[in-house]
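Every chain is named by a letter (A, B, C, D and E) in the order it is written, and numbering of its residues begins at 1.
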Amino acid sequence: MDIATIIGLITGTGLLLWAVMGKSDLGTFMDSGSVAIVIGGSVAAVMVSFPIRNIASLTKVMKNCFFAKNPDPHVLIADMVKYAEVARRDGILALENATADITDPFLVSGIQMAVDGTDPDQIESILMSDLEAVEQRHSDGKAIFESFGRYAPAFGMVGTLIGLVIMLKNMNDPSKIGPAMAVALITTLYGALVANLFALPMADKLALRSRDEMAVKMIIIKGVMAIQSGDNPRIVEQKLKTFLPASRRSAEHAQGSKAAA
Amino acid sequence: MDIATIIGLITGTGLLLWAVMGKSDLGTFMDSGSVAIVIGGSVAAVMVSFPIRNIASLTKVMKNCFFAKNPDPHVLIADMVKYAEVARRDGILALENATADITDPFLVSGIQMAVDGTDPDQIESILMSDLEAVEQRHSDGKAIFESFGRYAPAFGMVGTLIGLVIMLKNMNDPSKIGPAMAVALITTLYGALVANLFALPMADKLALRSRDEMAVKMIIIKGVMAIQSGDNPRIVEQKLKTFLPASRRSAEHAQGSKAAA
Amino acid sequence: MDIATIIGLITGTGLLLWAVMGKSDLGTFMDSGSVAIVIGGSVAAVMVSFPIRNIASLTKVMKNCFFAKNPDPHVLIADMVKYAEVARRDGILALENATADITDPFLVSGIQMAVDGTDPDQIESILMSDLEAVEQRHSDGKAIFESFGRYAPAFGMVGTLIGLVIMLKNMNDPSKIGPAMAVALITTLYGALVANLFALPMADKLALRSRDEMAVKMIIIKGVMAIQSGDNPRIVEQKLKTFLPASRRSAEHAQGSKAAA
Amino acid sequence: MDIATIIGLITGTGLLLWAVMGKSDLGTFMDSGSVAIVIGGSVAAVMVSFPIRNIASLTKVMKNCFFAKNPDPHVLIADMVKYAEVARRDGILALENATADITDPFLVSGIQMAVDGTDPDQIESILMSDLEAVEQRHSDGKAIFESFGRYAPAFGMVGTLIGLVIMLKNMNDPSKIGPAMAVALITTLYGALVANLFALPMADKLALRSRDEMAVKMIIIKGVMAIQSGDNPRIVEQKLKTFLPASRRSAEHAQGSKAAA
Amino acid sequence: MDIATIIGLITGTGLLLWAVMGKSDLGTFMDSGSVAIVIGGSVAAVMVSFPIRNIASLTKVMKNCFFAKNPDPHVLIADMVKYAEVARRDGILALENATADITDPFLVSGIQMAVDGTDPDQIESILMSDLEAVEQRHSDGKAIFESFGRYAPAFGMVGTLIGLVIMLKNMNDPSKIGPAMAVALITTLYGALVANLFALPMADKLALRSRDEMAVKMIIIKGVMAIQSGDNPRIVEQKLKTFLPASRRSAEHAQGSKAAA
């Protein structure tokens, strides 16, 4: 899983706990009704907003996106160049053995189709449609997180309003006003935390991880196409480097300009 | 109707009721004046915003969009391929019988025109203009829901302000301040619930259902055009698969890459 | 005037009055200083925002847009086809009599230029530049309403702040705090009502009415051009139908597919 | 200066003063610390946001944009046609005298280059780059006003929070709570007024004035190019009229269609 | 470092201190728990939002962007013209000495590649990919500042809610209510200050500095390409001037039109 995500979630929660514990105890901030309204209400609103299919695939999207380790693009390019050399030297069928230890199913399926002699246009079209399907799933996943981050504060306010109305209707005992209002405010607090420490940041991270994953998949597609057409390994390398994501280029350039110097 | 919509609406309402009932009774949250201001005011604002024609077609849009079951695109493509086989084997007129049991009026009208020998350009233009009209209606429907979701909280605040002003002008009896303020806050609560549990999520769902329906209609149009031009059924299948919505492609790819392997 | 606009404004105002009258009297909500701050302040901000020319043309834009009845596009197309028949049968000069009873000045000016033998490119350019001028005026009008709808709540808050400051500086007599605060809140209420029941919905309606009017004007332009070039009336009809706004197409399609069947 | 800007600023300020004076005196609303926080804080935030160069040119942008009177586009076109006649009749060198009384430096520089026989492409490129530089300055100026309008309310809130914190820490004397809170609220009031009566409306006016000025400059560029290429004055007029801003076209059309009739 | 940034930050902080010190002491506004919640919470949310790689490069982005002095584009163009003269007169290899004292590594690497006889397409592609990498880093850096500016006020509110809940649960001693509420409000104040005096303005400044730096880098790329292709120095100058950022053009135009006059 992305290390910054874990550090962020743990540090954020830890700091809040530390700030709270110094002045009060955690029990003050626990209220099952508030959890029901904020989490339950937001999840309900998300279910009304999205088809069940999108919500069902969310767990998979999150697992793929946060736990699957993206290969380093430079290593991937080196690998593709190696496969291109094998294909050029020993024929494309030789790739079948060379790729026995690849684990990325997207890369395996691409090379397998090349080995099987599938029509190049069809290989590209199948791989591209797979890439688009993954991108669409990521984008739908991001939309769900954003939606959750928008509804959580709204239901936090709903909960606070409910608490205030109940409190205001029963103001006979002044000593209970403070605690009742405290409980009412807890839902707003829950809503703000769920949105700002979890849902909205997760939506952003998902989009950025998706950008990286798409870049890697694009390098694979272009690499498989170049290998199948029997390109010179050196040309393959040059072609693939133009698909390096901009954020990864400076290292390459440093090498490039040193080589040129 | 979309199952997630129903589950979301019922769960959301249920959780809120449960949270409320634990501490108070429902009567506390009932106020006819508040309903009049929030619902009445928002509906009035929506009527000022949209032509009567758009509002009138909203019920139809909702019925079509939430209750009409979209055919599975894969099944639809299989059907189109079957019609293409019939048309190729027995002539296009044979489709008249083959399509006797189709219920989708859009598909029926497309195939009927093909059987009648209508000019291909005219068929495409008529079907496309129908697709655009449906899409426009969906988009207008979404705009109405969004508008409703924007005005409901605004009139919730209007109602609360009215209640506060009345309360503040009559502060002779301090024991009535609490309950009066509670009633004032109920309109804000109503506005937030109507917007966040109903109007805004409905707008999103409408847009996503529309995306699916448009994809299906596009497959029908392209299918009818391919059948009429007498394409080979295998080509028809390939053509139509490129119109599969990205979110539906992964299954197909799984089969595709297995087939290729 | 658009019927939904009137119904919306009357219903909305009526419901609010009903909700208010049940608990208080209208006098409670009248305050000339608040009107000065909210309406006066917003109008002042709008005047700083827009050139005097745009503001001056607003009354005209509203009159044209809300009271001028747009012709039904289907009737208009039928009329254009009728003129095309006259022009084809009796020569374009015969149109001069046939059009004696047209009232739409845009259509009159178009046909008059055609009868006068004005160069087709010049006719189209003059009519298009007129259409663009109207569209720009509508769009500037919408911007003014939106601006008004943004500044009204802001000056509502300004008025409330002024009221609160005055009240807080003179808290000697506690019995006056409530009423003073009530008056302070009235400006926020005014601002919210002006924006959400009038200005913002009006901006939306203006945009949608403009969309319809532009579609009608475009049909007129294309019709005049087709008539002048002596097109066959049947071709004129086909050409013009492609300019029908999508929201009006379903009826036509229903007929179209029935005719084809 | 634009007359609506002055009227708006004076009326707005006047109405607020009138509303305030009726119930209190102006001194209540004066507080030097609040001015420091709202104006000083917003200006500081704007300085962090923009390069010193952009802020320095703001006075010039405002002077040019609000005080420089844009020539009437119709008069300008008539002038350009007159110059075209002179150039055609007496040779382009004759323009040197004919333009002795022009004051617009942009027009002077354009005609001077034409008289000097500068290469047409270079004339157009120099004038266009000047136009773009002015447009960029206007757009940067608008961004500064918008930024100011966004930070003023934020620092208004900052000031109110500072005031509230100070007040809450010293609540020994209840009689001082009201006045202290009044002073705290004044910063929010300042922020709202600065943003909504000055900064945001000014940003909008600047954009609209810029649109007009760019249209005039474009007519000048196209006119100089046409004059230099020795176009027939009648053609020059036709060419230039297509660059009339849409908002100014209706008058022209009225004449156009009358002429045609 | 950009002078306006420093002035803005110092003036803004100074004014706030002055406003605070006049009425209270700074100690009133110090609270370690509030710092932990606002700064810690926002940083945590930013870490969940962005990959660790982007956050790590932020210091570098800030250093480059705020401290690195962009060369004056006019001076840079003059330099490029000088190099073009050297290359034309003494051959491109002579540039190796002429460029010994250049410090900009981007320019050095470009000229070095030209001297080495690297393929022009490859030079352009390497320099462009480096430019895009820098632009992407700036844009990611801006996104981090914006994110920080969005989360800081949110965690300010979270801290205030925590403080309010604790206070409301322990209302036995009324004399502590005021100070407790003051502390609670301090987090909201921190959040507003961090966002509006630091994070959001920094994001804007970063974008504007980046625009300037990209313009300079583009002039270098185009200059190196022109020098390598052996263009006439005068042509080099003309080509490069079309890449001057619009905001820098007016000076040039003044000279241009004087020269033409």
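Just so we're on the same page, a residue touches a chain if its C-beta (ideal position, glycine included) is under 8 Å from a C-beta of that chain, and two chains touch if they have at least 3 such contacts.
Every value quoted in this text rests on a predicted model; they were computed, and no experiment measured them.
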{"item": "Chains in simultaneous contact with chain A and chain D", "value": "E"}
{"item": "Equivalent interface positions on chain B and chain C, same or different at half", "value": "different"}
{"item": "Geometric centre distance via CA averages, chain D-chain C, whole Å", "value": "27"}
{"item": "Averaged-CA centre spacing for the pair chain C and chain A, given as whole angstrom", "value": "45"}
{"item": "Residues within chain C bordering two or more other chains", "value": "none"}
{"item": "Pairwise touch network: line, ring, star, complete, or other", "value": "ring"}
{"item": "Residue numbers on chain E that touch chain A, as the complex places them", "value": "33-34, 36-37, 40-41, 43-55, 109, 112-113, 116, 118, 125-126, 129-130, 132-137, 140, 147, 151, 154-155, 157-159, 161-162, 164-171"}
{"item": "For the chain B and chain A complex, residues of the former touching the latter", "value": "2-5, 7-9, 11-13, 15-16, 18-20, 22-24, 28-29, 175, 178-179, 181-182, 185-186, 188-189, 192-193, 195-198, 200-202, 204-205, 208-209, 212, 242, 244-250, 252-253, 256-257, 260-261"}
